Each structure stands twice: as structure tokens, then as C-alpha cells.
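The next part holds the structures, each set out as C-alpha cells.
You will see chain A twice below: alongside chain B first, and alongside chain C after that.
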Partner chain A sequence: MIKFKLKSSPKATFLLAIILKAFSVNAQSIGSDLGSLHGNYELDAQYYRPDSLIGAPKVPEKVLSNAFCNLIYQKGKLSAGMRYEAYNNVMQGFDPRYKGQGIVNRYVRYQDKLLDVTVGNIYEQFGSGLLFRTYYQPGLLYDNSLDGFRVISSPYKGLTFKGLIGRQRSFFSLGPGIVRAFDGEANLNDLLDSLINPIKTKIVVGGSFVSKYQSNLDPTVLKPLNVGAYGGRVNITHEGFNFYGEYGYKENDPGADNFATANGKNYYSYKPGEAIFLSSSYAVNGFAVLLQAKRIDNFAFRSDRDATLQNLLINYLPVTTKQHTYLMPAYTPYATQPRGEVGGMVEFQYKIKKGSALGGKYGTNITVNLSMVNGLNKIGVNDSTTTSYLYTAPYNQIGTPYYHDFFIEIEKKFNKKWKGTFMYANQFYNKNIIQFGTPNAGFRNMTSNIGVVDITYKYKSNSAVRFEVQAALKDNTDTLNLGSWTTAMVEWTPNTHWFVALLDQYNYGNPLNKLDLVKVNNNIGLSNVFGESLYHYFLLSVGYTTGPHRISISYGKQRAGIFCVGGVCRNVPASNGLSISITSTF
Partner chain B sequence: MKKIILLFSVFALFSFTISKDEGGKLPHVLLKKLDGTKTNSSTFNNDGKPIIISFWATWCKPCKKELDAIAEEYEEWQKETGVKLIAISIDDSRSSGKVVTDVKAKGWKYEVYIDENQEFKIAMNVNNVPHTFLIDGKGNIVWSHNSYSEGDEDRLYENVKKVIAGQKISH
Partner chain C sequence: MKKLIYIIPTTAIAMLFILFACDKVTHPYISSSTTTGTTTTGTTTLVRKALVEDYTGHQCGNCPAAAIVASQLEQQYDTNIVVIAVHTGFFAGVNAQYPISYTTTVGNDWASTAGFNILSFPTGMVNRKNYDGSGVLQSQGKWPSFVTSAFADNYYLSLSVAPNYTISSRIMNPVIKAKFKNAYANSVKLNVVITEDSIIGPQKDYTKSPDLVPSYVFNHMLRDALNGSWGNTLKSAPINVNDTASVTLNYTLNSSFNDKQIHLIAYVYDATTLEVIQVQSVKIR
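Take a look at the complex of A and B:
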């Protein structure tokens, strides 16, 4: 029955479309019966001017652009969608393998009470994603959708099963490996209704099995063709208390993610992978505490053992450090090290009550956050007779520091016109590990003290001016950790439609002269240069928004950096020029 | 697959006549509740009164500004119009644990769900957060707005009142 539906539905809707065309004069009044078509698009384009002072490269095309458009058709239990993407050519800072244009995503889905079936490109996540997550983040060009088949079924109240099979998107084609994924989840309160519900505790448990198959064309190295990974999770809540825990185990999976060279020989790790993610919180009105911990050991999981960067990842390893919104603290973000790390975070939030001496008329919000990540203490055993390396990583020992971040923020509304945010952060950043994945990349660790003051003055009911001052003082001035920064910004929103913003980022305390920086750029290559310079980076932006449509134009210099959204990061080189961005939902 | 592409090209010809502004319904997507259990967006209901759906994230400053601004007047809005705000967090598993602590610490009285893998965000064609939708009493999407600037909450409330009065909304 379901199969029949799936095969016939696109045809049926196509016929429907023809009929609708005939009645298009009346389409408005009968629109809801014929289903709805909606979508969104985004166009980003930039005109690049080379600027050797800030390390902005010469772009032969002069103009580069990224664009996409999603369309979704929905009628009752049936939905279908597609996405067109175009890169002419892909903008700076993205993987150049995004080249050309085409339809990269299309699916048909039929949702019934018993069965929910999708064919085509699928986004799915099991638990927190430790074992399986296919995800779409256009801002980072992150798309590892599974092109295949998915069935979701809830045969009994409180039980949900998911099964998927397919291959993952890799730029404009598919990866070489086949992914098979199965997940079961039980909501114990629904399942054991009368037994559990008198107590206020809610419990959800789940388990997953994910396996990949990839042939091995390299006869000299033994690599398993099938690699399985499995794990379990539990979520318990009781009034203000919340606990989530997940554990994952992966069979040995030698590949680019655990590759090493020593004494001129190549080694792969055949150690099974392990991952633990714990998140716990207690929250009542006006007070909350969050506690997270994570341990990762050899847990990158891809449908192509030779893939690198963000390509063909099957799973997601959440970062357990503070996700910053302001520019300066966000310039040196942490990225999960799948080869091994152990870390944790604690955050307190408190709202000083309205009407108290410190709270004032509107109350005051205070957030304090501390996060730390260290490497594992790996005790290695290299076997010179084979291509494998083995190690142990005791649970009760930790390795070298990778990152820490101490953060305090105060948000305060003074009166109807004025409000402000005050922030301080102290960050430690192990550049060798975080940016190059090896302790021997040749850089020193970096410590920054960062302050932000953000003041909004609302001078009319719909008009405001916002001022932002940020400073990042760095403790060392290694060749590529270039000095300290101060940022100032003024943003004016005269009404709901328009905004104008002027940003200046100033780099100082920098030991390099101009020529040295050019030399550094040429020697290291652009991907490794983070664009710091001796000068001001002015950037003027103007934007217009109406309903779900938005257009913005910027002109000036942009500092290079690492931009992270939704847990994945990309390096963006410095640039100088004119850029335009249009987004719309329809 | 060629058929699907053809289907869309045909539909695209008159997409404006059946676009969401003319009464598109909410897609059916599973969302996570703050207690870890799941619910379907098709169950969103406010007894025939309008619903505001606001997409936000714990790391999105303008989103939280908007929800803070509405929070100050939410009680009054509810008393006057019966409107309900549903806040959809698009935080992934990195920060989804922080949704409940943010909501409680801020003292927000909204219905909150987590769209951890952004399936609802994709189905609603949201580009960036904040993005706010207004749903009329019959479940039709009648208005939406991207981004937040100071005072936008007043315009949103004007639109809520227009929906109740059965008037047309312009951007």
C-alpha cells in the first residue's frame, strides 16, 4: 500500500499540477485543497580586491557567488522537495570542490500514522548525533544528507523505530560508502502509562546501530570493509532537573582520521573508538545551572575512510565549550578533536529580581561559564613490523591542555531607552592542535583577555542606535598570533526596514612590518594565514528587510577568521571588496 | 526524479498564487520538548486563536532580545487577545542542553520546543534566525518576518490584532 502510494504520488501530484494550471485563476480560493508550494533562497556574491597588507588574495574571477533555492510541495500526508545550488565560482573560504550548479537534493515523503517513508535526500539524527547525524547548514556549505531510503514507524504508543540506507552527498556527487543505520527509542512514560505516570519523572531511552561498507582498493594495508558502531542513550527529567547521557562504540576503522607517520612510515590506528557525552541541568525560575562532560577517543566516523575536513561525516561530536555571539571571543573557537579529547563545561545563570537594589526596575541577568578541554593521555606502542599503531588512554588521566574559556556576562536594562551587555572572557587556545591537529605545527599557545561593552539606545519606539566596543589582549605575539585587537561598531536602525552599520577592527602590538606579513602570507599559503595586520579594517554595511525578505550590502575589509555555526567551522581568508547578500522565504 | 523536477517547474509558474501567504499550513515535524519527549508540530493548537512561532537559538543575540522584549508584554498580550507564542530553538546537540536553562533563567513563559536537527526550520524555509511566523486561528500561516530590530514586537502585536479582526496584513 505504502509502496504504491510512493510510486504513484509524484505522478498524481504532477497531474494535479496540470489541473491546477487550468484553474489557476481560482487558485487562491482553492489553494489549500491543492496543497501548498513554498520555498526560500539565498544569494551571496562578492567582488574581491586584492590587498597584500591584510593578506587578501587576488581572485582571478574578481566576482564569486554562492546561491541556493529550496522548494517544498506539501499536500496532506505527502510532501516533496528539492534544492538547486549554484557556485560561480564558490566564494573564498569554502571548499573549491563546490563547483558548478545543479539539483543536489530532492525527496518525496509520505507520512502516515503507522509509517513515515522518505526516498531521496534525508536529514536525520539519532540522539545527540554521536553515531548518526545528516545535517544541512548552508552558511557553512555543510550538507552530508543521506541519499537513499528511510522508514520511521511507531507501531506502539511510546515506541519509535527508524531505519535508513543510502550513500552520502559529497559536493555534486555521492560518497563511495554505503551507510546502514537503525535506531529505536522508547518513551517509558507512554509505554508504561499507569506504572510510571504517578511519579513526575520522565524517561526516554534509545539505542542505535550504524554500519558502513566501503571496498578497499589498497592491497598493502588491511582495512575492514564493514565498520559497525553502536550505542545507547537515556534522558531523565524530574521537575527542574534534566539529565542526558549517551555512549558510543565504534569498531576499528583505520583511515585518514587516525593516520600518522613516524620514522618515514605510515601508521593507522586499529583501536576501537569510544565516545561519551553527558549533559545535566537544574533550572527554576530565575536560576539555572548546566553541567556538561565529554570524552572522545578515535571517533571520527565517515562513509569514506580517506575523506577529511567536514566531508562525508556520518556522526557529529558536539563541542562542549561556550558558543560566543560577539566577534572577538568567537575568533578563536574550539573544534572537537575526534582523535581524542576530554572536556567539560559548567554554566550558572541568575536573574537578579525586578525591584531589588541590584536588579533595578527590569532585573539583571548574570551568566558565568567555565569550559576546559584537554587531550587524552595516550600511551602509545608503535610496532615497527606492521602499519598499525596501538595505544591505551586511561580514563583517570588527562593529557595536555587544548582549550579553556572563562566567561562572565551581565545583561541589564536601565530604563525604557537604554540597555547594555557587559562581557569578559579569558581564553586559552592550543593553536597547534585546534588548527593543525598536531602538537608539532610550530606555534605557541595563546591566551586572550577579551572585553565587550554593547549598549543599545532606543530613541523612538522603532528606532535605535547600538554601540559596541570590544578588545582582545593577547599574551604573545608569535608570527601568526599577531598582536591585540580592538573593535568598535555603530549600528543604526532608523526603522524596522533599514540598518546601517560601521565596523572598525584595529590591530596593534604587532611585531611585524608590512613586508614580513606579505612574506608570511607567501610562505605559509593562504589557508594558514589568519589575516591579522597592522591596520584598520573598516567595513560599512547597509541592509533592508521587509517581512521575510532581506538584502544587505557591505563594503570594506574583513578580517580573516574561523567562522563556526551549528558546531562546524570554516576558515575564511581576509578579504577586501563589495559583497551582497539576499535571502527570502516565500 | 525527472518527474519531480518537472512537477516543480510547473508549480513554480504559479507559485505565488498558492504561496504560504495565501494560507499554507504547518508542516508535520517531530520536535523535542524540554522534558526530552517528542511532539509533532501538527499538534500546535490555541483554541482558534492566533499563534506566533518564533525561531531562535541560545547563541543568537537578536533572537533573545526579541523574546525578552515580548516577555515583558506577553501577559498583557495574552489577556487582550489570547495569542500564544511558541518558541522553536534550532540549537543542535552542542547547545540544546542550554535551551531549558536559558528559558528558565530568563523566566520566559512560552511553549518551547527544540528542533535539534533543524528539520522544522528546513520545512518552514527559514534562512536565518530570528524568523517569526504568525498563524491565524484556522492554522494558516498569514505573515512572517526575518530579523529583529528594536520595536518590532509592537508591529507584531499590531498584526496579531489585525488577524483577530480578520484584516489583511501587509509587510
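Take a look at the complex of A and C:
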């Protein structure tokens, strides 16, 4: 962060005066604090080489890049910010509607005891986000910011009210729907200070109401123009115990997320949506347990009823499966199915004490986790002339399995120089549902047994070599999937500035071998895009970090995949080439 | 007194909250007074027509749902709607189960990064225009709304298309005539393409089990372009009221196409914004 004070050079003072003017702030007389300006930027660019062996297509532009820069100015009760984004053109694997550049985010916020008001692009979340969450995630190119007006008020200690109105960002413009949102939260301990404060239990309750308006110019089908969603939440903590529960209900909202096709006709479901999310944890010395449960039914809430993929979502459905960081267990991640799912997760963490027989000199961490997701048992109803719910989903029944992940992870430090992480995972992945959103996409379910060994050798205080070996054992007769994979990586960190890593992913269990390739291309559906089997995907990366800057360059191959959300599919092609990434904060 | 001040914003927020309404739509869900498009008078079109493009592929299991919307629009608005189904991209690839390629150079050019950059399927466009700020490319759910908006747009020109097709030689000498009824600020281009109906072949359909429909009927399939993927300049700006333009083309129909199912489609678009400002379709025989 750069602080501008009186002592700054006349040039800097002049420049800042212009910036202040741009933010419509009354210029302060020389001698006062001009506030602070900070920000960050990031550039990702890749040079693409066509590679028919792995199915990497020719990219006409040869080089594609994504870049953004955030600037935030702060002075006392006032803050203002903006973000510039540039896609020339957007990199492969992202929505091609991100094309071009411009200032896509700007806001001014003024905060004092009475009111906290923001005008411009707003990021906000109510509770777990079940009813309302706007956020920016550059890695996914996800930005559903609300461009409008927000007011936050705390009229009494322990009470917070939030009101928002605006329209959501959609690529380089705004979506057609207007979003109105209200949230109230009460911290009972603060509110009833003298009455319940001797009690160690802390209770926070909240309630939200979110409504969207979108006109309907489709003359053939009646659709609600205003769709309301509401819900409540409670959070109870008592020493090491924590409970969070939230329920959401959405009025009828026919759209792209809930239409069905039957007998050559498209039907919209007018069934209300419902969502429940429960999370509970307990931790005492060296032991922790986490329990989560979720049930979702028709709960994609968008400010454009016809939007698809990641576009114009008002709400966020919390994840109750583990997000892995190792490559092999993260290969087939679960994606929440807003049309309907029921699932849960249980996790135990235990630290075996130092000095015990199993714990050794440094102790041992053990994590055991099981998460499961099934579909709802949707029973089709022929009610297109009455309520048009199209289905019922009884609470006491569950449908077909979508996903499960069981893993056990042991972290162990052997001595001052050596430490290791060992993991075993068993995963089930319903590819038809998770990738294509339909049971009829023609793929087999995938079961994987995964092993990970990660060893770090720290040969000097700031220097280390890390070795990683992973294997995912899969069905090697399934020609539509790719069979077993193995991965090896060496990462060398000679000092705090540099790192060099070499990664190889090897599809050793691919049932299609080189000689069969032509035959297979002629016989099997989509397999031809995955290209030659028994192929090594090498990736060499070099990175340099100094102060606020991080630069990394990598060269190699990445595998292909198909990405679908809500009935719209996109092929993310394989790629081969040089990529560069620069990030800086100031 | 201080606490009274706090009541103001709280009340204001609460009022906002109370004012929010939500509509619960009950049966019947189908509008009773179904609007039909403005009718065509005589031989000359006096309405702004809508070009609906459906980007699809025979291996795209979600695409039949979009074709349904396109054909419903056609039933509803008759000749005021012109549909083109463009088979392109990953899901239009061929293999043993889907052996025939329905892709075309013109379709691939429209879908390319230099064109409309279409990578997800199904996707469509209405007059290649962004009517509500959410983009030019839209899923089928929005096509009916966009078509309604398209009919409400300004009317600039009438377009007449005479195919002049000789059955024996399969040669066409189409004559396309345009007359501007209103002035137009930008230069406009004319592109002429052909589509074919009633082609039977395998199509993936995720609503069926198994998902392969062996005898799917493809309609409105884009087959070829007569004057390149982006056409030629029809009239340079400035364009005044009563300006006219006429174009004659020469084209030999591929022997594999069924000439009884061929439509000749001419559309005029803004060379700057790419918005389609008029479209006309005729059956060649």
C-alpha cells in the first residue's frame, strides 16, 4: 500500500488530485492527508500450439490473454474503487462472451455511525449465500456484482439491516432483471446484553427477502414478472460447538433451469424452489468433527430466467463436498446440481500427540472425510393443465447416486528435514449428471481409487525439494472415459524467490492404444477428441516472487474436458503451449 | 433524539422491503390471447421480419429442445420468422454413429472467433441483436421474447426475392431487390444462403433413452452461401428514403440436396453493428 502524505512529490500530489477529482471528492487543502490508494493486477496469457495428438485445436489468434487491475482509494469514511478487465481474446476454457476490455466495476462507499451507503458495483452476501451472494472470482471468471445501491444500518447494538437494489453484471453489460434484496440480522447476545450475557452460548438469527423483476415478452407463456425468495438462518456457538442452519424458499420461477422436454414439446416447471443447508462442528484439544447436510430442489435463482451456465446467478449454493488440492482427487470435482440434490459430509480430524508411540517427536495429523450426494427422487406428474409442477420430490426418499468421496489423509513430520502427506481416496462420479445434467448422456459411472504421496525435503532453512506421486485407478475397459492416470511432480524451491517444477500426467490405463486410434475414431462417440492414448502430458513451470510481484511461466500440455451447466455444454479443448502469469499488489 | 435518527433509515429499508412484491402465476400458464405477428400484405413485406439462428449439432443432446422452440415460433408467426439451423462446432463432429457431416463453411465462419464466437450449444440469435443487455447469444428460452422485440423495431426496407430456378439444370439466378422505406445511417450488406428441410438422420437427444434417435427430422438446415459467409455491400451510407438496390446471383444447386425442400434466404444487415435489419425467405420450387 502506498500512503500519500504531504511529503510526497508535487507530481504525485497533482496526480492524486486528479484521481480525487475523478471520484468527485472535494479536494482537500494542502497539508491534510490525501488518503491512500492501493490495488492489484494480474495478467494471464498463453501461446497456443495446435497438437493433434492430444486434440489441441488451432487458435487463430495464437495468443490469448485475460487481465485485470483493481484500484481502491480510501480516506477516512470514504472509499472508492474500480476494476479494469481486458480479454484479448478470452483464454480457452472461459465463456467467449468475455471479449474486449473496459471498466466493469466502480463504486463509492461512505460509512459512518448512522449509515453505510455504497453506490456502484456491490459485493454482498446474506448468510451462507443461499438467497443472495454476489462475488468476483477471477480464476473462474465469475462476477455477478450488483450494480446499484446498498444501504446498511445498525439502529441498535446487535441489529443490522441491509437493503440493496440494482441489476447484475452480465459480461460487459447488465442483465435485464432488477434485483431487490433485504436482510436483517440480530446478534441476540449483543441485543439482550444484560439478560443473556452470563450465558456462554452465542446466538445470531437472520432473515432475508430477495425479489427480482424481469419483463416477459414471450406472448405464449405466462411467467411471473416478480419472483420472491425468502428464508431464515440461525447460528449458535457454545465454546467448541458451532451450529449453522439456513432455509430458503423461492416462488414459482419458470426458466432455463427447470424446463423439461417431453413428446416434442417444452414444458416449464412452476414448482416453488426449496433449499436447506445445515452445518455443525465441534472441536476440542486435538480433535474436531464437522457435519454438513444439504437438500436443494429447483433452487437456481437468476435475475434473467433464461440465463444459463454461470451467468446472472443471484444466489450461491454452498458446497458440501471436499475441494481437493491434489490433482488426481481433484480431477472429477462435484458440481452442485441446482435442479435437485440431497447430500452431506462428515469429517474427523485428529492430532496424535507428540511423544506418543504413533505421534512421534512432532505429532501426526489424521483427517477422515466422507461426503455423499444423491439426486432427489423426482416422480413425474402429468399436471401441465393444473399446477404445472411437473414433478414431486418426497422428502423421505432419495434418488440415484451422483457422487461420493471418501478419503483419509495423514500428515507426518519425520524430523527437521523430512515431512510427508499420504492420502487414499475412493470416489464415485456420475458423469452423466455432473457433466451433462441428464441420466441419458451415455457414459458409465466412474469409480476411482486414488493414492497420493507428497514428500518434502527441506535441506536448508529456505530451500526445499518436494516430490509428489499420485495414481488414480479407474475402469480400464471404459473407452468413453480415459482409464487410469498417474502423476509425478518434482518441485524445487532453492530460495524464497524462485521455484521450478516439472509435472507429468500419464494416462497409462487408457483402453484406446495408438494402433486402435483410427478404428476407435470410427466407432466411438466422443472419444476421438481425447486423442492418442498412453500419452504423457508434461508441464514445466518456473516462478519468481519478489516483494509484491509474482511471475510464473509454464510450458506444456493440458488435457481436454467437457463442461456443462444446466443443459448447456461447452467443450474445453486440450492445449499445448507456453503460458505466463504475472500478479502484483501495491 | 439520537435514537430517533436511527429509526429513519431502518423504516426506509423496511418500507422498501414491504414494497417488494412477488407474483404467483396460477393456471392457465398459456396466454389466452396469443399474439400473432403483423401480417404480410400483398407480395411486398411491410414488416420488420425476424431471423432466428439456431446453432446446433447432431451430437448435442440438449439441442432438440431448441429446435422445438424454433419450429413453434415458425408455426406462430408464419413467414414473419425465418429460421436457420446452423450445424457447427464440437457437437457437429462425425463418427460411426453420426456419420454424415452437416457443417458448412458459412456456418463455421459465423460460429468462429472472427464471427459470433459460439462455443456452447444450444445457442441462438434473433436478428443478431442484443435486445435486453444480456447478450446477442441466447438460449432458446429467450428467443420468443427477442422475437417480440424484433417485431417492434424500426422498419427500414422491403426485400423481394425471386429464385429463378431451372429444375433441369439445377441452376438458380436469384434476383434480390431492396427498397428503403426509411433512411438508414450505416452501410448495409446483403448475404444470401440456402437451407434444406426434412433431412433424416441420427440425432443425440438427452430426453430419450437410449439417447440416439436414428430418424430425427432436421429442418431449416443451413446448406450453403451464395455470396460468401458475410455477403457483399448492398448500399453504402448514407441511405435515403426510396433508395433502391438490386442484386443478381448465379448458383448451381448441389445434386445431393433435395430441391423440393430448399429455401432461398436473403438477409440485409448493418455492416457496422451486424444487426439484421430485414430477411426474406422463398421456396425455390
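Before moving on, here are some points about what is shown:
One rule holds for everything that comes next: the second predicted complex is superposed on the first by the 510 of 586 C-alpha atoms of A that agree within 3 Å, B and C clash if a C-alpha of one lies under 4 Å from a C-alpha of the other, contacts with A are read in each partner's own complex, and residues count from 1 in each chain.
Following the convention adopted for this analysis, a residue touches a chain if its C-beta (ideal position, glycine included) is under 8 Å from a C-beta of that chain, and two chains touch if they have at least 3 such contacts.
All values reported here derive from a predicted model rather than from experimental measurement.
Looking at the shared chain after the overlay, A:548 reaches chain B, while chain C stays out of its contact range. In the overlay built on the shared chain, the residue A:394 is in contact with neither chain B nor chain C.
Touch criterion met: A:284 reaches chain B, while chain C stays clear of it. In the superposition on chain A, contact is made by A:202 with chain B only, not with chain C.
Of the two partner chains placed around the shared chain by superposition, neither chain B nor chain C is touched by A:355.
By the touch criterion defined above, A:102 lies against neither chain B nor chain C after alignment on the C-alpha atoms of chain A. Of the two partner chains placed by the overlay, neither chain B nor chain C lies in contact with A:380. Put simply, chain A uses residues 567 to touch chain B in one complex and chain C in the other.
For chain B in complex with chain A, the touching residues are 1, 3-8, 10-20, 22-25, 27-28, 34-38, 58-61, 72, 92-98, 100-107, 116-119, 122-128, 131, 140, 143-147, 149-152, 154-155, 171.
If you check the complex, the residues on chain C that touch chain A are 3, 5-7, 9-10, 12-14, 16-17, 20-25, 27-31, 34-35, 59-62, 64-65, 68-69, 72, 76, 89-91, 93, 95-97, 112-114, 117-123, 130, 132-135, 137-142, 144-146, 148-149, 206-211.
Of all the residues in chain A, the ones that touch chain B in their complex are 10-11, 13-14, 17-18, 20-21, 24, 27-28, 31-32, 34-40, 42, 70-74, 79-80, 82, 103, 106, 108, 111, 120, 123-125, 127-129, 133, 135-139, 160, 187, 189-190, 202, 204, 235-237, 240, 242, 244, 277, 279-281, 283-290, 292, 316, 318-320, 323-325, 347, 349-351, 362, 365, 367, 456, 458, 460-464, 493, 495-496, 499, 545-550, 566-567, 583-586.
Per the touch definition, chain A reaches chain C in the complex via residues 60-61, 89, 95-97, 99, 114-115, 151, 153, 155-156, 161-163, 165, 170-171, 173-176, 180, 182, 209, 211, 215-228, 251-252, 254-256, 259-262, 264-266, 268, 270, 304-309, 311-312, 385-388, 436-442, 521-526, 528-529, 567-571.
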